[in-house]
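Encoded as structure tokens, the structure appears first; notes follow it.
Here the chain labels run A, B and C in written order, and each chain numbers its own residues starting at 1.
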Amino acid sequence: MATVGLLTASGLVKDFGGLRAVDVEAFTLHEGEIRAVIGPNGAGKTTFVSLLCGRFPPTAGQIAFEGRDITEMPAHKRVALGIAYTFQITSIFSNLTLYDNVALPAQRRVMLDGGGSVARRAMDALERVGLADRAMEQAGAQSYGHQRLLEVAMGLALGPKVLILDEPTQGLADSEIEDFIALIRDVAKETTILLIEHNMPVVMALAEQITVLDQGRVLAEGTPEMIRADAAVQAAYLGG
Amino acid sequence: MEDLIALLPFDLPHPALLLAGVLEGTVLAAVLALTALGLSIVFGIMRVVNVAHGEFYMLGAVLAWFVTTWVAAVTGGPPWLGFAVALVVAPLVVGVIAAATDWLVLKRLNYDPEATIVATIGILYIIQQLALTFYGPYARPVEAPFDFRVATPYFGYSGYKLVVVGAAIALMLVVWLVLTRTRIGLVMRATQYDRETAQAFGIPVDKVYAGVFALGAGLAAIGAVLIVPIRQADYLMGGDPLLLSFIVVILGGLGSLRGTLVAALFIGLSDGIISTLYDATLAKILATLLVAMVLVFRPQGLFGARAA
Amino acid sequence: MMRSVILHGAMIALLIALEPMLSEYHHGNLARILVLATYAVGYNILFGYTGLLSLGHAMFFAAGMYGCALMVRLAEWSVGPAFIVGVVCALVAGLVVGLLALRTIGVGFMIVTLMFAEAAHLTIAYYNEYTRGDEGFTIPQAVRSVAGLDLSDTTTRYFAALTLFSLCLIASAALVQSRAGRVLVAIRENEDRVRMLGFDPFRYKLLALVLSAVMAGAAGAAYAVLFGYAGSTFASVQYSIFPLLWVLLGGPGTTLGPLLGTVLMFYLVDYASGTVMPGLAAFVEGSFGIDAPGLASAYLLLVGIALVLLVLFAPRGVLGVVRARVVPWLP
């Protein structure tokens, strides 16, 4: 199926001091797909997606969203355009209730749409991750798994076009991971997903396309089957 | 003799007035550099913005008065004797108080930057008001340890003031040597570089911090003891040196010793010249605005990488 | 929502009911406290709810005070329009300082606001000719009236102060429950996350700072009008520290904390400097022979001790602890 490039990057470079953390020639995320970004520790995965969503500016290169250059656009405006990011290190508002945590992005969506109910949107997001019955509990008091789900719910409440998930299953129990896979499949029906993931079974279960990063560069790209068979990827992962 | 300057029939800066401004500015710059160096070392190594720094300075001056008065009363000795005792005792006492402050308050706050500032504001009031309590609301002079005058082409100038400049330079040299050439200095710099690693290598970080805080306060106290024969001691005298030290340390780059010295020279001299010739308040307004602008537009450059 | 309306309504009703019972002495005190508490309510919006610690709020208080008092003194305006000029001065000051200072964070923000306020304080001293510096100037009783109400009359003054305080209290309670208020609290908790939820934190912080400055300025202008005095002490660092202390004591991020903190601190200092410290001074001198010439006037010692104790042991303040232990819904 031929699809348009929703989020693209070209010649994207990020240097930290003397170190080149990211050096991606070309990257295209297609509308409607579930894309996984994998790679060994320190491959620059988080830095790469952080550039896409504008948490810091690139050293060189362009980023475009729906054909529009967003390289210079501050992060909050990219979010308003529809690029949502969920943090690798759980970054919820621990002192607030679960409801207030999702009400904030819900409120942003309602403000952007110029109408709608914040409460309904917030509760919908909690419903989808299965936390609705805990809405009035304090976020910081939740289990780690629930906090990860809340993080995803905050992304969902924004109603994004692209949802970037940074290692969402890290620290989850096996049973929780199964539920999580089902959740992402469900979300993917209306949203493009860009997923950084270490857990290979999760990647293989979800991803339609995989991009492999190593030392900041794209080592390989393709379907899960192609990646599984790729000798260079095996070398990178096995340290050969 | 200095009274003659006032009688000079000139509106524009006369060489005599200019020379007086430069001399006064140099004295101010020397003491300021010493005081600001203390603030700078504390921030550089501990990342603590010590708002009570000016009160350690004031405490040094007030203790100098107590010590010289006591020595004169007990021994009946000459002024230099009491002054010499004050020069040793005042910074030591202030250092001990500072170390205790670090141990009782700052350490318990885990050196959280914002909480530390609020706490040092509290300490500022505690020290200042205790000085008011026991020293009283008076401004009292301390006699200079010796009295000779140096001739200039226009007027005689207090030789003591020139000795202050020399002493301040010598002290800064000592501090610099200690920080760069000794084991203690190495330990301090290691702690500055990375607190956790330093701890892992067996450096007693707690003691180093208390020591650094005491050193910073002690430097302010020595500066005050040196200045107190020129300017009297009163419980509110900590405000100006605090503001000026902040200006110096921020303009010079917090934690940078060389920057602190250059900025102290610049601010001290310009303040001396401007307040001799024009209005000191205007100079201070411009300096504070300059500092604010530097922090707004070049925070990473002058505050270092860990701005928050 | 309903509980919040009842709580704040009850507080205001209590302050109205208190009025006839007050002695002359407490009348004056409480009017002063209400004006200062208005200042603290403004400070709380920035510090308590948004998490920005300013060390320079005295410049906004002074902008209101001098904006108003100088219009009366120099331009001979009546106090009503002059009050509005004072508030506008504070608004402009808040906007300018905010646009600059909010580019910094944490310690940088604290020092930048401190420096701006010091510059403002020195500027007031510099224009001594108009401001009379430290000494200050009075606004004659004859001109201190609005719409036929004599504002120097104790009862009128009390209700004028109460009206201003109530307006600011209600505004702050409404803000906290509003969408903007939710964003402010979220910025305090985790600014980076707020940005990644699509909000521009800078705009919200600027809003909080300007609102906070306007309330501080209104308090400053009201002080000049109600007590007939303006002086540069109100622009000094001390008056930037006071609202911080009051809010810390009462409970940062609680709507009623600023009032509680101001009342407690005011009467603590009043009692100590009026009764305890002179007695203590006499005792120390009489029993131990220690000379303590300044003890009777060293009331700021309490400010220092309170700051250190609060930061060390109770950073959430009185109502913060009440909220955590007893009344979780406390706004």
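Descriptive notes on the structure:
One rule holds in what follows: contacts are C-beta pairs under 8 Å (C-beta built on N, C-alpha and C of every residue); 3 or more make two chains touch, one makes a residue touch a chain.
Note that this is a predicted model, so its numbers are computed, not measured.
Chain closest to the overall centre, judged by the mean of its C-alpha atoms against the mean of all protein C-alpha atoms: C. Ranking all chains by how far their C-alpha centres lie from the centre of subunit B, first place goes to A.
Ranked by C-beta contact pairs, the top interface belongs to chains B-C. One inter-chain figure worth recording: subunit A and subunit C are separated by 44 Å, centre to centre, where each centre is the mean of the chain's CA atoms. Averaging Cα coordinates per chain places subunit B and subunit C 32 Å apart. Per-chain Cα centroids separate subunit A from subunit B by 52 Å. Subunit B has no residue in contact with two or more other chains. Annotation for subunit A: no residues touch two or more other chains.
The residues of subunit B lying in touch with subunit C in their complex are 49, 105, 108-109, 113-115, 117-119, 121-138, 235, 243, 246, 250, 279, 281-282, 284-285, 288-289, 291-293, 295-297, 299, 303, 307-308.
Note for the complex: subunit C touches subunit A at residues 179, 182-183, 185-186, 189-190, 192-201.
The residues of subunit A lying in touch with subunit C in their complex are 53, 55, 74-77, 79-80, 84-85, 87, 91-96, 100, 103-105, 107-108, 111-112, 118, 154, 158.
Here subunit C touches subunit B in the complex through residues 53, 55, 100-101, 103-108, 110-112, 115-116, 118-119, 122-123, 125-126, 241, 244, 248, 290-295, 297-301, 303-308, 311-312, 315, going by the rule given at the top.
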